[in-house]
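All chains are identified by letter, namely A, B, C and D, in their written order; residue positions are counted from 1 within each chain.
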Amino acid sequence: MAIGEVIGIWIAAILTFMIFSFLYKDNPVFKLGEHIFLGFAVGYSWCIYYWNDIFPQAIQPLAYPGPGLAGNWHRFSVLIPIILGIFIILRIVPSLAWLSRNSFALYIGGFAGMAVPNVISGVFLPQLTSTIAPLGPGWAAGLTQFVLLLGVFCTIVFFFFSLEHTGVVGKVGRIGVLFIMVAFGASFGYTVMARISLLIGRFQFLINDWVKGVILHQAP
Amino acid sequence: MTRVAFPMLCCLLLALPLGALAQEPAAGAGAAAPAAATPPPAAAEQPASGAPPAAPAAPDAVTGATPPGTHQVVPQPSNTLLMDRPSDDGTALLIIFNLIGTETTRIGAGVLLDGTWYRCTLRPGLLATLPTKADLPGYFGWRPPNPEAKVLTIDRYTKTNAAGEPESVPFEKDHEYTVRLVVVEGEQFEGFELGTTRTKEQWFNLAGANSLILSVLFAVVIMSFIYAARRNPNLFIRRIQGLEAVDEAIGRATEMGKPVLHINGLDPLSTLSTIAAVNILGRIARRVANYESDLLVPCFDPVVMTVSQEVVKNAYLEAGRPDAYREDKIFFLTDQQFSYVASVCGIMMREKPAANFLLGYFYAEALMLAETGSSTGAIQIAGTDALAQLPFFVTTCDYTLIGEELYAASAYLSREPMLLGSLKGQDVGKAFVMLIIVLGTVFSTVGMLVAQPGAMTGFDWDWITHLLSPLM
Amino acid sequence: MIEFMRRFLNLDRRIIYAIVFFCVLLPLIYPIRAKFTPTEEVKRAYNAIEALEPGSAIIISCDYGPSTMPENYTFYVALLHQCFRKQLRPIILTLVDYGPGLCLRGLKEVLESKDSQGKLLYPDRQAGRDYVFLGFKPGSTSVMLGIGQSFTATFPNDYQNQPTTTMPIFREITALGDCKYIVDIAAVGLPEFWLPYASAREKVPMSVNCTAVSVAQYYPYYTAGQFQGLVGGMKGSAEFETLVGMEQITGKIPDATRGMPAQNAVHIFIVLSIILANVMHISVRRADLSARRAG
Amino acid sequence: MQFLKRRLPVIIAFCAGMVFWVQYYVPSQASQDLLETFTASWAIILFGAAFILGVLSAIEHHWTKITLKKAGYGYSLVALLVFGTMILSGWFPAQPSIRLGGAAPTLSWGMLAATLCLLIGIVSAVSYLLGGNGERRYSRGMTALVFLILGAVGAFVIQPLASGYMLLWKVSNPAFIGQTIKPDSMFMWFFDHCFVPLDSTMFSLLAFYIASAAFRAFRARSFEATALLISGCLVMIGRVPLGEQLILIPKGVLVSWYTAYLHLVNLPVPPDLATTLADLNITSIAGWILNSPNSAAQRGILLGVILSQVAISLRIMFGIERTYMGGGE
């Protein structure tokens, strides 16, 4: 193993324990780890954004258009979003912060407009269609479909705010709550699973890479 | 109730004729099919030698394989039709045909330009994986004549460029193309000329008509409710039980002489749930001021802190006790997730508040907050629209506002037209959904029952099952 | 007895931490095989990809960061093996800024993987012809709609900063509609955007691998057939590894499968403690109530 | 001015929203080109700008913390130092390689220093512009001036003369296409050995908290919570390998029951019954919960969420919801 790799694994192990120290209580070592993480996260994202977004989308068409684009004046259209982008960045100067509203309005408004038809035809209608099916054939298929229908209907009744939850509506809403709770239970079980998986992943690193690989010099 | 029912019916009634609208091209295609059908399968590039152009290879379709020794037969397409793809930018053609093939039958297409045939860039697709007319109701209507007909889209062909490399060239709009269908069966293949058609650009996507009408209607409903709420902020919303629990909890805190803790979640002020949490904070603060107990609001976001201070100050003013307001009880802690949790948990352990309100948007830290709170024995009321965190709140808190209930509680308290109106508008949408799923189930069940052998035969009941399909 | 229960319910949390620690540690040190059969949700994803014709392009969107690596990364590696084995052409991109490093690492690992004789499993796979790693772009829906129009306009360069316009793969596959499948490997809510803005819009089927936190939320999409397969969490990844046969490919037990016994152990512990604590809690409360009534 | 500040954004949002709403229904080529220009180029650049804004305000936050010597400013200093290191290792076309003993670092250290000076200069200029008063502001302004001059001289005069690089651009070879983050660079080393462990450990902490909450807080305190816990435990056991081993009704029993039922109602017994039926174990129960009631309830929630999503979009378009505009006059 290269010396750089060994140092790296030691550092990784130490950083892991710095974070684990939070289990004891909130302490300076954990806070240090948290801020190191913050620094790495922002710095890492900065470079990734630069090389994947800002350079190829904004700088390259203007400065290094490449053979296909060199004579194409269309490439200068990126100047418009660049200017709007500078407006966004100017938000840190309080007296010019209002400029950024126009840029935000353009893309937030644009994506709001796109969302309406795409979400309705891509999710809303297909979900509605797949809820509608005959109750059958056969009692087993009919029962499954009935549970689905009942669940969707009662859940929506629970989130229906124009009727007081008394009498029949109240009872239907109660059934809705039961369905919602069963669903939350499923979500609960899976969330527990997710957190434990992450812990297992960290232990696999500590055992395989650090203890076995670096300390005991075993082959993986 | 009529206010809800009327737009609902409008939606339904307006959506229905849409089906007829969408079916029109289908009728056209159906009528055109026999006329343009099957130009004689001549002039194939390499006519399949010895392949009898007669009966489709029905036996092959059954067994899926040719018996050893016999010559493979290329299946013959029927009812072929070449047409411009509807509702597109004019860069594609459709080939529609019926073909009974085997599992290994592949389909390709060629296009004639300047006297040369070019292969259309579409790897010869397996026949079985091609869509049928019934799969594309947007183009062909909900009950296309001949729903089994296969549909092949072609929009590009491969050409060898000057450098000798294959190059993919897209079709142009308003250009005439002569196309043929190629059927490949094992080593054999055969071309069938389909005639010439012009690509056309359309300006309206008919397949999206249903979503257009629905979204416009929904927009009208929402906007009109928002304007209605501006005129009359007392639109009816049901009581939210969580809010009564809030009063109870504050009452108990006063009895015990302990403070009340409120958290606005971890999102900035631009999130709906944070706005809702701040609205509810106003109500809590008023109660607290009336009962003369203490209110602690540790904040994660400086902007949220400023707004919370403003809201609480106003609440104390309205309660007539501006002197009791203390700004340092609403404070900024830190904007690091885990450090924030640790500090809040510390406050919970030290001050032992009698009531904790965890409202707004939460991430993974929800569990740690709620657990610490429950271990101090506080009454906890939570509310969030973070679905993944809700289960933890339900199990560790005494009362939980689930998802939209949080917005509803906020609208109920603040009576703000924007929140109230869109909540009512969404209720219309929900009523529409409920109506549609019930009606749809009834229709399709009836359709299924009467379509069963032995039930009412001699009459076409099929329309019942298709009654709601234009909506989809 | 009640007194004991009362004290037991106030158990120091450090003891619980220690139990969890050993529940994870011991099964990892002394591995026992946990037997399991793949569930329908995972099989459907695997079969759908397996049924694609060789040469089809498949979008793999790696929308996860290091924080969910144990759940998502193992799936990503297994999926790449499946794609390369089936001669599919993966187009890899990421919509999360923490993603590129992990994408690259997995791609390198798979391309350099060797069989038992030490020969490369997938020799002469060329970037830009047999696969492409496009890198990261911000603004998730924007990127989806952008590649729905044109790959080369949305990604003028790939991650290695090579111009995409000259790549052979993009001469044939110009936009999302030309791809045959989408797999979203997600730690955040992006599958809910991939569905309307890419899959439903361009009529390309999709499957999802997500962190277990969001699996339950995605079931309506799965039962409606909008997600063909749903590979949830580390268990889903382990099932997928089994289906792909990662153990035969790499010659060692893959990570997610190796984590399963530990997962078993902690789950048993948690379920037992929920049941035990609730039973004790109820009996303590009953005893308190009756004591109060008697007093 | 008031028009520019308040009305114009609303008008822009309305127009943009309407254009792209309508665009969905117009398949013609002009409309496709419009969508392509906006999504594939413009929006992506705007998102990049929004990111830069986020980074600058984070730097500003920590920078003021350091200059004002607020509590815990040492941590902020560490964060900024780490940030600087990461930028130095990844922002340059030629990155220092970490392989010790391998290829020598190709990066000019002078250029790193110049960029660092520029960076510090920009940050202090920003904090100067942000206001404040008195001596601190003066010192920030001076810092900005000195570092900006130093950085500019280094980057634009000394460096191009010495190495052919001007800040990020190679002067001698303008088309530096093909330059990016190198796989074996110091940047990737930092990513693999520092960033990955920190990020992945942070959330694995929660496993411990869940376990302790399972013991101390998850109580069946109501009908709802009881239903939730039961279904949660079933899923927890059912979705790990253990669930398959916990068989409630073995397959043989199921087959015999079903056969008996079929005989009772006089129906033929399908020959493949033994292969279609499986053991009834916790895994299959969990599968049913997930596919049936869970799916139904989640779909109900989902439909509601979509309606509210559409409602929010409409409110943004019609200028009723203006939270994106931020505060200010």
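The rule is short, and it goes like this: a contact is a pair of C-beta atoms (placed from the backbone, for glycine too) under 8 Å apart; a residue touches a chain by one contact, two chains touch by 3 or more.
Predicted, not measured: the structure shown is a model, and the values here were computed from it.
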Other chains in touch with both chain A and chain D: B, C
Two chains sharing the most contacts, counting C-beta pairs only: A-D
Chain nearest the global centroid, as defined over all protein CA atoms shown: A
Chain centre separation in whole Å, for chain C relative to chain A (CA means): 13
Between chain B and chain D, centroid-to-centroid distance (C-alpha), Å: 22
Chain A and chain B: spacing of chain centres that average the CA atoms, whole Å: 18
Residues of chain A whose C-beta touches two or more other chains: 22-23, 31, 34-35, 38, 41, 44-45, 48-49, 51, 53, 57, 60, 66, 111, 114-121, 123-124, 126-129, 131, 148-149, 152-153, 156, 159, 180-181, 183-188, 190-193, 196, 198-199, 201-202
Residues of chain C whose C-beta touches two or more other chains: 17, 20, 24, 67-70, 97-98, 100-101, 137-138, 141-142, 145, 157, 159, 161, 163, 213, 215-217, 219-220, 223-224, 232-233, 235, 263, 266-267, 270
Multi-partner residues of chain B (each touching 2 or more other chains): 208, 212, 215, 218-219, 338, 387-388, 391-392, 394-395, 403-404, 430, 433
Chain A contact footprint on chain C (complex, rising order): 17, 20, 24-25, 28-29, 67-71, 97-98, 100-101, 135-138, 141-142, 145, 155-157, 159, 161, 163, 165, 192, 195-197, 199-201, 211-213, 215-217, 219-221, 223-226, 232-235, 252, 255, 258-259, 262-263, 266-267, 270
Complex interface listing, chain B residues touching chain C: 121, 123, 125-126, 166-168, 170, 387-388
In the complex, chain D residues that touch chain B: 21, 24-29, 31-32, 61, 202-203, 205-206, 209-210, 212-213, 216-219, 221, 224-225, 228-229, 232, 301, 303-305, 307-308, 310-312, 314-315, 318, 320-321, 323-324, 327
Contact set on chain D toward chain C in their complex: 32, 35-36, 38-41, 43-44, 46-48, 51, 177-181, 183, 188, 191-192, 195-197, 199-200, 202-203, 207-208, 210-212, 214-216, 218-220, 229, 233, 235-237, 239-242, 244-245, 283, 287, 290-291, 294-295, 298-299, 302
Chain A to chain B touching residues, read off their complex: 22, 25-26, 30-31, 34-35, 38, 116-117, 120-121, 124-126, 128-129, 131-137, 145, 149, 152-153, 156-157, 159-165, 180-181, 184-185, 187-188, 191
